[in-house]
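Two complexes are shown next, each including chain A; its partner changes from chain B in the first to chain C in the second.
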Partner chain A sequence: MASDALQKQVATKWQDSFNRLNRGYPGISGLMGFSEAWAIAADFLYPRELGDPPKDFNTQKVRSAFDVLIQCRMLPMLLESFVEDMRRRQHLITHDVMEFMAEYEASGDPDAIGRLILRLADWYMAWAPGGELGHTLSSAYIVNFQTHIFSILPPAFAGGFKRLIAATLALSTEPADAAGPSSVQDSKLWTSFELLGLADRYESLIASVCYEHIENHVLETCQGKWDEPMLSTLREWMADKVVPWMLLPYGRGAKTTEEARTMLQGVGSRFDFHVCKTLCDLRTKEIFDIIIDYPESSPALYDLKECLQRVDQRPQLVQALRKLNKRRLLHPGADTKDILTQYVSIIRCLRIIDPPGVLLFKVADPIRRYLRERPDTIRSIVASLVVDAESGDSLVDENEPIQPLQGPQVDDYMDPNWEPEPIDAGPEFRTNKPSDVISTLVSIYDSKDLFIKELQVLLAQRLLAIKDGNYEKERRNIEILKIRFGEAPLQVCEVMLKDMTDSRRIDQHVQSQTTSIMHPTIISRHFWPQLQSSKINMPGQLKDIQESYAREYTTFKPDKKLRWLSHLGSIHLDIELQDRTVTADVPPLEAAFIELFSEKDQWTVDELIARVGPVDRTTALKALLAWVDLGVLKEEEDSSFRLLEQADISGALRPSGSRVIMEDEPAVVSVQQQQAEQMKVFWKFIEGMLTNLGSLPLDRIQTMLKFAPGYDRTVDQLAAFMEAARREGLVTVREGMWKLNR
Partner chain B sequence: MDQITTSLVPGARASAKSAVAGAGNESAGSVTKRLSNELMTLMMSSSPGISAFPKSDANLFEWAGTIEGPADTYYAGMTFKISIHFPPNYPYVAPVIKFESPCFHPNVDIASGAICLDILQDKWSAVYSVQTILISLQSLLGEPNNLSPLNADASNVWDSPAAFKAQLVRYYRPLTDEHSA
Partner chain C sequence: MKVTVKRWHAIAQWQWDIGRTDEHGDAEEDVCGICRVPFEGCCPTCKVPGDDCPLIWGECSHVFHMHCLLKWIGTVASKQQCPMDRRPWVTAERKVTTNGS
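And then the complex of A and B:
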């Protein structure tokens, strides 16, 4: 039972509503008008099937109908009923979407997606209430329509969409391949994206398509192509091909070029960064081979330099190069000379990329450490220092000016152009100003002395090898080296060179007194590196020649005496046999042996060795077999040799079976051998201290070895040496205490 | 005036002192040089059975030495440790040498290890070196000077091999590693 108050309230409400709808018209004519207007509006808005014939609406009538509704404040109700209608008719769109998606999934053709989108756009246009009906209505429509579409699009759509975008991009960048899907070329496509809100929703997807496209393009065009600058070409490509496409998704609604440019600026710089990054990654991966190809690959290095300025990937570059060096360069299989060549190329290349040298410093460290451990590094460097005309491959660029070696430099704070160290320089980074390659190589080692020593050995070898008396080349080399190393260290070399010219002068003088067929080279023992010592005695007439020459020399220089190094040099022999004369240029040992055959016709090897002096058997055999090859001697069964006064026709061409293959030893003792000599001295000291002090720990031995003159080994070297001694059973070690093995 | 002299005097004294010290260093330097040379010669010479080396790298004036008994003597197959102390004015004064391991010998004091050898006392000359001393000591083992014995017992039994050998073995202690470090 409703109370009066309630009845009254309902009555008031009713009256209000009636008044609102009737708008003060007489009777219910207002109400009727409203009803008519509602019907027209609802019919106008009703979502229709696409194929249905569009109804003919009188715009005037529709507008007035809406006006009526607005007057009655019934627009929200209309909106509600419209949304409800849309919801009921949604199945039409869903049906279409499913159809197209099924087609796409079957064919994988992005064209299906393109058509789907165009179709959706059609739906959108068909259902749209028309902009003139007010903002509220259209925005409510957009939200509802998009919500619905997004809710029904299957997951496969994203992939398809991506492919569609890629297809448009490909179309834009490679117009030659114009046989793209039809929908892709439709200019309405992008408007549809915009219409459906896809452009915003899939923005990151569009960007990723573009990134991928850039990556592929960079890899395709730049991989392994180092001989021309690629970065500018890539940028041109971006401007010509990609930017026009970018206008579609990113420059929508730009009215002027100016406007478009500002809109594209942000995204354009992102893409440019990506170009640089991709190229940088690629070049970083290829860096080792680029360095090998230097200088042909220098354009690639300039590209890399520019990229690195844009993209901060210096640490990655350092890491990659260090890893590659370790894997491809610093292993026992690599030739020291190759390592040095590559190191020099690395120096040059990284100087292009990074002039201050921070990258170089970081990369070079392991190489330098490795080179220090190689025994023949110094020799290789020295060999390349001495420019050889015949072997053109020198580490040093001939165009590089010869300059003195540069030590580590101290910062000059008074320099107005002083610059702080680069930001990524490590604490132990030393600014080495662009110095020449040789300085850098020499600085691998702490002192120059090792080089000087090796240089002397090399020079001695080369001087002794010269037969025609033309020392100009060596003189030139020494002058060049003087500029590099300074006068003082090369004084010894100077003396060696002077010895050679002096020898000729003295020889001329001696010859003028008594002609001798011998032309010795007289060297000052103290200034030459140790020569292979061998004490062979020249027999017979060879000895007479030596002695008479020595006598003449002593009269010329009374305060000096010759000490013969009989085993060096060469002798020109004419051997007169009964039926023939054999002419040969032979080493002294061979000459000595054949001289002995003038005493008797048959000798055993042991007899020969006994006469000539301390020669090991292999060397002796080798000398004798040389004569066998010349057909002068014949090997008998009982390891004796017989002189063939008459040529042995039958065996003359017989190649000797027992030929000993042996490499010619250089006349000069190498630095390595000299070090071994030194180590013998140190061993005496170690022996001495272990005898008297009992067992000692390694560091104690190391400090005690300072008593030995010239001891400069590190503890590690000593440890290796002691370990070697232990293997030979000379010492034993227990709990770190070394003890003589007695 | 007084003030000036007083202020000058300590300075003068100090400079005099430093001059003396400098001279001392110089002579120490030459002794060190001589000792290093002797060490080098000793190491490079291969005299069998004798050896010596500085006890530590910090002090070149204290050496430890080893002497093996010469063959065909009572001491064959035995090894003796000795200590060598070089005075600061070496080589103008003989080094002080003592046996560290007990040595039963007419010219060696069994308790203190002191040695009675003419070249280590009045016959010392600067031309002698560690090497010559060690060689002399080694030969002293085989040919003692029984006229000036430090160990009368040893001197008495020297001519009776069996008795001497017995005494020698009683005192002799073979080398172990404990003496080191």
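And then the complex of A and C:
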């Protein structure tokens, strides 16, 4: 039961709204006018079927009907009813959406999505109230229509939309490749995205399509292609193919090219960044092999340099290269020479990417520490210092100027070109003014004395091997080394060279007095590295030759005499047998033995050793077997050797005739050789444990070997040995487990 | 069988003939009593051994690097004596056959 007051209040309200609707017209004529206006407006707005013929509206009439409603402040009500109508008619659109989505899901063809969008745009146009009716109405319509659409579109739509965008991009970048779904080529498509609000809603998805496209393109065109600059090609490709497409999503509504350019600036720079980043990632992944390929790969390095200026991925590059070096370079199986070669390439490559040398400093450290641990590093560096025409694979670039070694650098504040250290340098970084490769290698060690010693050894080996008296090459090497190491440390090498010259001069004199088949190299012993000492006595005519030469020498140099290093050098001789003549170039010990066979036909090893002097059995046997190989001697069952005056046809056919022997063992003692020899003793232990236990990791082998008598190797030495055994096919290794190769 | 040596590339060391027959004894290395450097090395002022840094023999039978001895004799403290036995230094005539060149 309502109170009077309430009744009165309702009556007043009703009167207010009546007055508003009637607009002060007499009677209810105003109210009648309102009804008519409502009917016209509502009919005009009513969401129609697409196929329906457009109703013939009188624009003037519609306009005035809306005016009436606005006057009555009934526009919100009309809007509400319009929205309600849209909701009620939504099933028309839903039906289409279902149909196209079903088609898409069946075929996977993004064209279905394209056509769906075009259809949705048709619906949008059909239901749109038209802008002339005021902003409130049209913006309310847009919001409502888009909300409806987004509520209907199934989750699969996003995937389809992405593929559709990709198809438009593909059409732009590879027009020849695919004709593409027809809707893709429809110029209305992008306007439709805009109308339906898809462009904004899926903005990041559209960008991701472009990113992925760039990534694929970079991989396809640049992977493994290091011998030409790719970054500029990629940028051309962006400008020619991708930018025209970018105008669609990002240059919407641009009226002039100028305007479009401004709109694209931000997004264009983002995509250019992505190109650089993708190429940078790729090159970072490939960096180890790029370095191997240097200098052919230098265009790739210049690209990487440019990318790194745009994308800050220097830490990633350092980390990747350090990891690759560890895995592919710094392991027992790699030759020291190869490690050095790659290190030198790394130096050269990183200098291209980063001239101040910060990257190099960070990458080089583990390599240098590893090299320092290797026993043959100095020897390898020295070997590469000495230019060798035959091997030709010197670490030193011939074009690089020869310069004195550079010590550790100190900041030179007087240097007008001084620059502050780069910010990622780190506290230990010392400005590495581009010093030459050799200085960098020598600086692996704290002292250069070791190099000088090793140089002497190498030079000695090479000088003693020279038979034709031509040591000009060595002289040139010494001249170059003097520039690098300074005169004083190489004084000793000077004396060695002088000995060579003097020997030749003395020999010329001696030959002028009494011709001799002997041409000795006479050395000043304190200026040569320690030579393998063995004092063998040359027998028979060989002794005569030595003595006569020594006599002639003393006649020429009265206050001096010669002391023969009989086991060194080589002897060229003919051996005339009953049915053949064998010519050979042999070490003196072999010559001594065969000379003894001219005394009698059969000797035991012990007899021979007794005659020649302190020679160990292995060496003696090796020398004898060399003659067996030549078919001159035959080993008898009682471990004696017999001269074959007549060729032994029954035995294996030995090639007779000339043979040239390079001295297989250098005259100068190598520590490493001795170690390798000793290591072989332990092989039978390793073989035994692998036979019994199957496969073992290195550290287990090491632990077990410690029980072997006299075993004192480090695990690194063991690793090197196992690696050598693997190369010989004795063992295999898989995931760190060693086993016998059976 | 007949072995004919066609060519021999040999290696030898030169030694000063200081009149001792130590063909087989390389145990004691002969050093200059002044600078303690082996005779086949060179005196502290030289860089090249051999004829460029020769030896000198005294009547007292002591042998030195020539440069070392001359420097010693040049000092007042030497009183022109052999540094080993303090006898007046007299250089010995080495009995050398005249050489060809």
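In this section, the second predicted complex is superposed on the first by the 553 of 742 C-alpha atoms of A that agree within 3 Å, B and C clash if a C-alpha of one lies under 4 Å from a C-alpha of the other, contacts with A are read in each partner's own complex, and residues count from 1 in each chain.
Just so it is clear, a residue touches a chain if its C-beta (ideal position, glycine included) is under 8 Å from a C-beta of that chain, and two chains touch if they have at least 3 such contacts.
The model shown is predicted, which means the values in this text are computed figures rather than measured ones.
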| message | Tell me the contact category for A:F685 with respect to chain B and chain C: first, second, both or neither. | response | first
| Looking at the overlay, does A:G694 come into contact with chain B only (first), chain C only (second), both, or neither? | first
| task | Check the residue A:K561 against both partner chains and state whether it touches chain B (first), chain C (second), both, or neither. | result | second
| First (chain B), second (chain C), both or neither touched by A:H135 | neither
| said: Is A:M704 touching anything from chain B or chain C once the two structures are fitted on A? First, second, both or neither. | reply: first
| said: Contacts for A:K739 in the overlay, against chain B (first) and chain C (second): which applies, first, second, both or neither? | reply: first
| task | Specify the partner with more touching residues on chain A, choosing between chain B and chain C. | result | C
| In the superposed view, which residues of chain A touch chain B and also chain C? | none
| task | Give every residue of chain B touching chain A within the complex, in rising order. | result | 36, 39-40, 42-44, 51-57, 60, 63-66, 81, 177, 179-181
| How about chain A: which of its residues touch chain B in the complex? | 681, 684-685, 687-689, 691-696, 700, 703-704, 706-709, 739
| note | chain C contacts chain A in the complex at 1-17, 23, 38, 40-41, 47-51, 54-55, 94, 96-97, 99-101
| query | What residues on chain A touch chain C, complex-wise? | reply | 464, 467, 491, 494-495, 498, 502, 509, 513, 517-527, 531, 541-542, 545-546, 549-550, 554-566, 568-577, 583, 588, 591, 594-595, 597-598, 643, 645, 667
